[in-house]
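Before anything else, here's the structure in question.
The letters A, B and C name the chains in turn, as written, and every chain counts its residues from 1.
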Amino acid sequence: MVTKDDSRTQKDEVASNRIVRVKSIPQRILDALTDFRDADRPSRIDKLGRVGLLIPAFASTMIIILILTFLWYEAMPIFADPAGGPGIIVNPTWDPSRDSYGIAIFIVGSLLCTGIAIGIAVPLGLAGAIFLSEYCPGRLRQPLKMIIEMMAAIPSIVYGLWAYVVLVPYIGNTLAPALQSNPLTAWIPFFQGETNGLSLIAGGIILAIMLLPTVVTISADALQTVPRSLREASYALGATQSETARKITLSAALPGIGAAVILSLGRAVGETMAILMVTGNSLQIPYTIFDPVYVMTSIITNQLGYAFVFPLWRSALFAIGLILLIMSICFTITAKLFIRWGMKTRGMTG
Amino acid sequence: MNEWEHHIEVQELSTWFGKKQVLKRISCYFKDNTVTAIMGPSGCGKSTFLRTLNRLNDLIPSFRRKGIVRFRGEDIFSPGYSVYNLRKNIGMVFQRPNPFPMSVRDNITYGPKLHGVNDEDELDDLVESCLKKAALWDEVKDDLDQPAPNLSGGQQQRLCIARALSVDPPVLLMDEPVSALDPISAGKIEELVVQLKKDYTIIMVTHNVQQAFRVSDQAAFLYLGELVEFDKTSRIAEAPTDERTEAFITGRIG
Amino acid sequence: MTHTERTEQRTPVNGTIRILIGRYQSFRELKDLFFKILLSVAIIVIVAPFFLVLFEVASIGFWQVFGSSSGQGIEFFLTFPGPSLEGGIRNALVGTVELVVIASCVGIPLSVLGAVYINEYTEPGLTKSIVEFTSDVLAGVPSIVIGAFGFAFLVDFLKLGMGVLAGSLTLSFMMIPTVLRTTQEALRSVPQSLREASLALGATKWSTTWNVTLRAAFPGIITGVLLAVGRIMGETAPLIFTAGNNLIVPTELSGSGSWVASLPYTIWAYITDPRAYVQEKAHGAALGLLIMVLIIDLIANYISRRVTRRLV
C-alpha cells in the first residue's frame, strides 16, 4: 500500500516537472520572480547566487566565441580580397611586398615539424609510460614521475633557450657532418644539405622533448587504471610481463593513450617560442631534415608586430591564426570522440 | 609410467606478506581428476594458497615463502623453472569475471597465440571446443566478435573458464568462481565444474560450505593459515574430526 | 680463415648467450628481458633533457643568480637594465609579478565560481557539457592565437593599448580553463554525504557550497591554481603583442605608457642579442624563472599528494 502511494506521488512529481519545463519563457521568468518574492532571506541568497554564478560559468564559452568572432572578422578581408581568397591555403608564395599571401609553406612546415615530433615522442613516451606503470621499482616511481611533471612545467622559452644554445650548434657541428660522412647514412636524401643547425630536425626534437611529459603522464595514468585482475588473468595464462603489457594493458588503455596523442598533436601544432628560435625561419619548403623551415606560429610571432598597419598583410596573419584555431578545435573534438569510441568498442561505460 | 603420482603436491609450505605469516606449514596433495574444495573463513589464506600454486604471488614484492610445491614431480620454485610453462599448465579462474576488453574470440585465442598456435583453422576449432566445454557456445556462437565485457556476468565467468581451458591445462584453479554471480549463473557454473572433472584436476576455493559439499570430492579446511582438515568431502560432511571444522560447517565461525 | 677467427672471437659471446638461455629458458623470455632493457633505456632518454636543460641554464646563469659580486645575486633582480642592458632584470621580475597577480585576480574567481556553478547548481545536461567542452577547447587553443586575439580584441578593439592590463587579461584567458577543470575535479571528489550533512542541518545550498564544499575542496583548488600560475608565468607568445617590453616598470595600467616587460619576453630578447654578457643575463633570467616555476610546481605536487593520501 505505502509503496504504491509513494510511487504514485513520485510519478506525479515527475509529471509536474514536465509541465513546468514546457511553460513559455516569460511565464518561467515571472514564476521565478514570484518565487523570489515569496522566499525567505536564505532562499533569496540562494537564488541570487544561482543567477550570479551563471556569468563566470560561461566565461570560457564567451571567450571562445569572442576568439572565433574576432579571428573570423580579422581574417575576412584576405579571404574576400582578389589578391587572397581561399586559394592562399595552397599557394606557396609568401611575399607581402608584392601582395602575395600564400600560406602553404607554413602549413607544410608545421605539419612536418609536428610529424617528426610525434614520431619521436609517441613511441618513446609510450615506452616510458609502460616502464613507469608496469616495470618501475616502487622506490623509483615517485621521483621519476616528479621529474616528468616538472618537465611539463618548464616554460617553452627555457626549452627554446637550451635548444638555441646547445641543440642547434650540436646539430650543425656534430650530427649533420656525422650523418653525412658516415657511409651507412650519407646516401639518404633526407640527410643532405649544408646546415648551421637551425633546421627542421632541431624543431622536431625540441618539440618532441616538450611533448614527452604530456604523453608519458597521461598514458601512464591510463595504463594504471587498467584493473590488476586483467593483468593477472594474462599472467595466469602463461604470458610474460612484456606480452601482458603490450597485448592486454596497452590495448585496454588505448582510448586514454589515443587521447594523449591527439592532445599532444594539438600542442605541437600550436607551440610557438621554442620552435621559433630553432627552425631558422626561412621561406622555403624543406626537402631534407637539415633544411630550415617556417611554421605557422612563427610567422605570426615574427610579423604581426609590424604588419598590423597593412590591412591585407595583417588579415593574412590572422587567417593563419584562424586555421590554427580550427585545427586545435578539431584535435580536441577528435580526442573526445576517440575516447568515446574506445569505451564503446571495449564494452566499458562511463 | 610417470615419476610423479599427482599433478600437484605441497610440502611444508609457509608464506608471508611482509612480516605477516599467511600460511603455516601446509602439506597435502591433490588427486587427479577430482574436485578439491578449499574452505575457510575470509582471511584464512585460501586465495594466497591458490595463488602460490601458479606463482601468481611472485608479482607482489613483499611476498616470501618457504617449503616446496611440486608440479608433476618438479619443484616449481627451483631456479630456472619456467614460470610461464607452469602457468600454461595450471589454468586459473578468478573471483570476479575479468574478460579482456576485446572480442569473445580474441579472449579465447589470446593464450594459444602466446604459446605459438598461429594457424587460423586450428584457432577456430579451439574457440569452438573451449566455448563448448564451458557451455557457452550456444549463447555466443552467432556473434564471436562482440566485445566480451558486453556479456552478462555469468556468461563472462564461463568465458573466463573457456579462456583458462584454451591452453589445455591439466590443472584448473578456481578462486571463488561464483561468489560474484547470481544464484542461477552460479548453479550453471557448479554443474560445469562437475563436468570438467572428467578431464581436469580442479582446485576450488570457496567460502560457501554447501557449495563445497555439492561439487567437491575432497575438501580442505583452512583456518588462520593452518590446514586443519583435509579428507574426502563426504567424510568431512558427516563427521569432522576437528571442532573448528565443525564450527565452520555449522556456521558458528565464518 | 676468417670463419674460424670469427668463431673464436664469438666464443665468449656464445657463452653468455648460453648462460642467458639457461636462465631465460625460451625465446619468449629473452624477448621479455630485451623489452625490459629497451623500456629502461627509453625512460632514461625521456628524463635526460630535464637534467641537460637544468645543467645548461645553471652552468651559465648560476653566478648571475647566486653570485655575490656587484650586479649579481639579489642585485641582479633589483636593478634596472639601463640603456645598454648592463644592469639587472628588475623590470622583468616586477612586470611578471604584476601580470600574474592581475591575471589571477581576474581568472581565479571567474573559473572557481564557474566550476561551482556547473558542479553544484546544474544537473548533468546541455549547460554542463557546453561549459566543459568550451573549456577543453579553450585549453587547447595555441598560445600565439590567444595572443593575436588579445591584440585584436583588447588592444585594438577595446582600445586598451599594449600594456599591463591587456597582457594580464590575455594571460587570464589562458588560466581560466585549467583552473575551472581542476576545481571541478576537486569539487567532484568531495563526498556527497558532506553536503547532505550540511543541508540536513537546515543550511541553504549557498552556505553549504561556501562553508562546506569549497572548504573541503580547497587543497585541490589550490593545486590547480598553482599549476595554472606556474604555466602563465612562463608564457611568452601571448605577451608579445599585448604587453610589449619595457626597460623600466610602467606607472600606468593601460594606454601607451603601460608597456611592461616580463621574464620570458626578456629571456627571448636577450638570448637573440649578439652581446655575450646579455646572453649570460638571459641565462640568469631563465634560471630565476625556472626556479620560480619549479618551486610552484613542487608545492602544487606536495599539496595534491598530501590530499590524496588523506582521502585514501
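Heads up, the rule we're going with is that contacts are C-beta pairs under 8 Å (C-beta built on N, C-alpha and C of every residue); 3 or more make two chains touch, one makes a residue touch a chain.
All figures in this text were calculated on a predicted structure; none of them were measured in a lab.
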Practice item. Just tell me the minimum hop count from chain A to chain C, counting one hop per pair of touching chains. Key: 1
Check your understanding: Out of A-B and B-C, which chain pair has the most contact pairs?
Key -> A-B
Practice item. Could you find the chain whose CA centre sits the greatest distance from that of chain B? Key: C
**Study point:** Whole-Å gap separating chain A and chain C, where each centre is the average of the chain's CA atoms
**Key:** 15
Review point. Between chain A and chain B, what is the gap in Å from one C-alpha centre to the other?
Key: 47
Review point. Using CA atom averages as chain centres, what separation in Å is found between chain B and chain C?
Key: 50
Point to revise | Per-residue overlap in chain B, given as positions that touch at least 2 other chains | key: 84-85, 114
Study note, to complete from the structure: By the touch definition above, chain A meets two or more other chains at residues 240, 243
Review point. Out of chain C, which residues touch more than one other chain, so two or more?
Key: 28-29
**Study point:** chain A contact footprint on chain C (complex, rising order)
**Key:** 28-29, 31-32, 35-36, 38-40, 42-43, 45-47, 49-50, 52-53, 56-57, 109-114, 116-118, 121, 127, 130-131, 133-138, 140-146, 148-149, 151-153, 156-157, 173, 176-177, 180, 204-207, 209, 227, 230-231, 233-237, 240-241, 264, 267-268, 271-272, 279, 282-283, 286, 289-290, 293-294, 296-298, 301
**Study point:** Residues of chain B touching chain C in the complex
**Key:** 80, 82, 84-85, 114
Revision key, fill the gap. Chain C residues touching chain B in their complex are 22-23, 25-26, 28-29
Check your understanding: Taking the complex as given, what residues does chain A use to touch chain B?
Key -> 138, 227, 229-230, 232-240, 243, 247-248, 251-252, 345-348
Point to revise | Footprint of chain C on chain A - complex, ascending | key: 42-43, 45-46, 49-50, 53-54, 56-61, 63-64, 66-67, 70-71, 73-74, 124-125, 127-128, 130-132, 135-136, 144, 146-151, 153-162, 164-166, 209, 212, 216, 240-243, 245-246, 263, 266-267, 269-273, 277, 297, 300-301, 304-305, 308, 317-318, 321, 324-325, 328-329, 331-332, 336
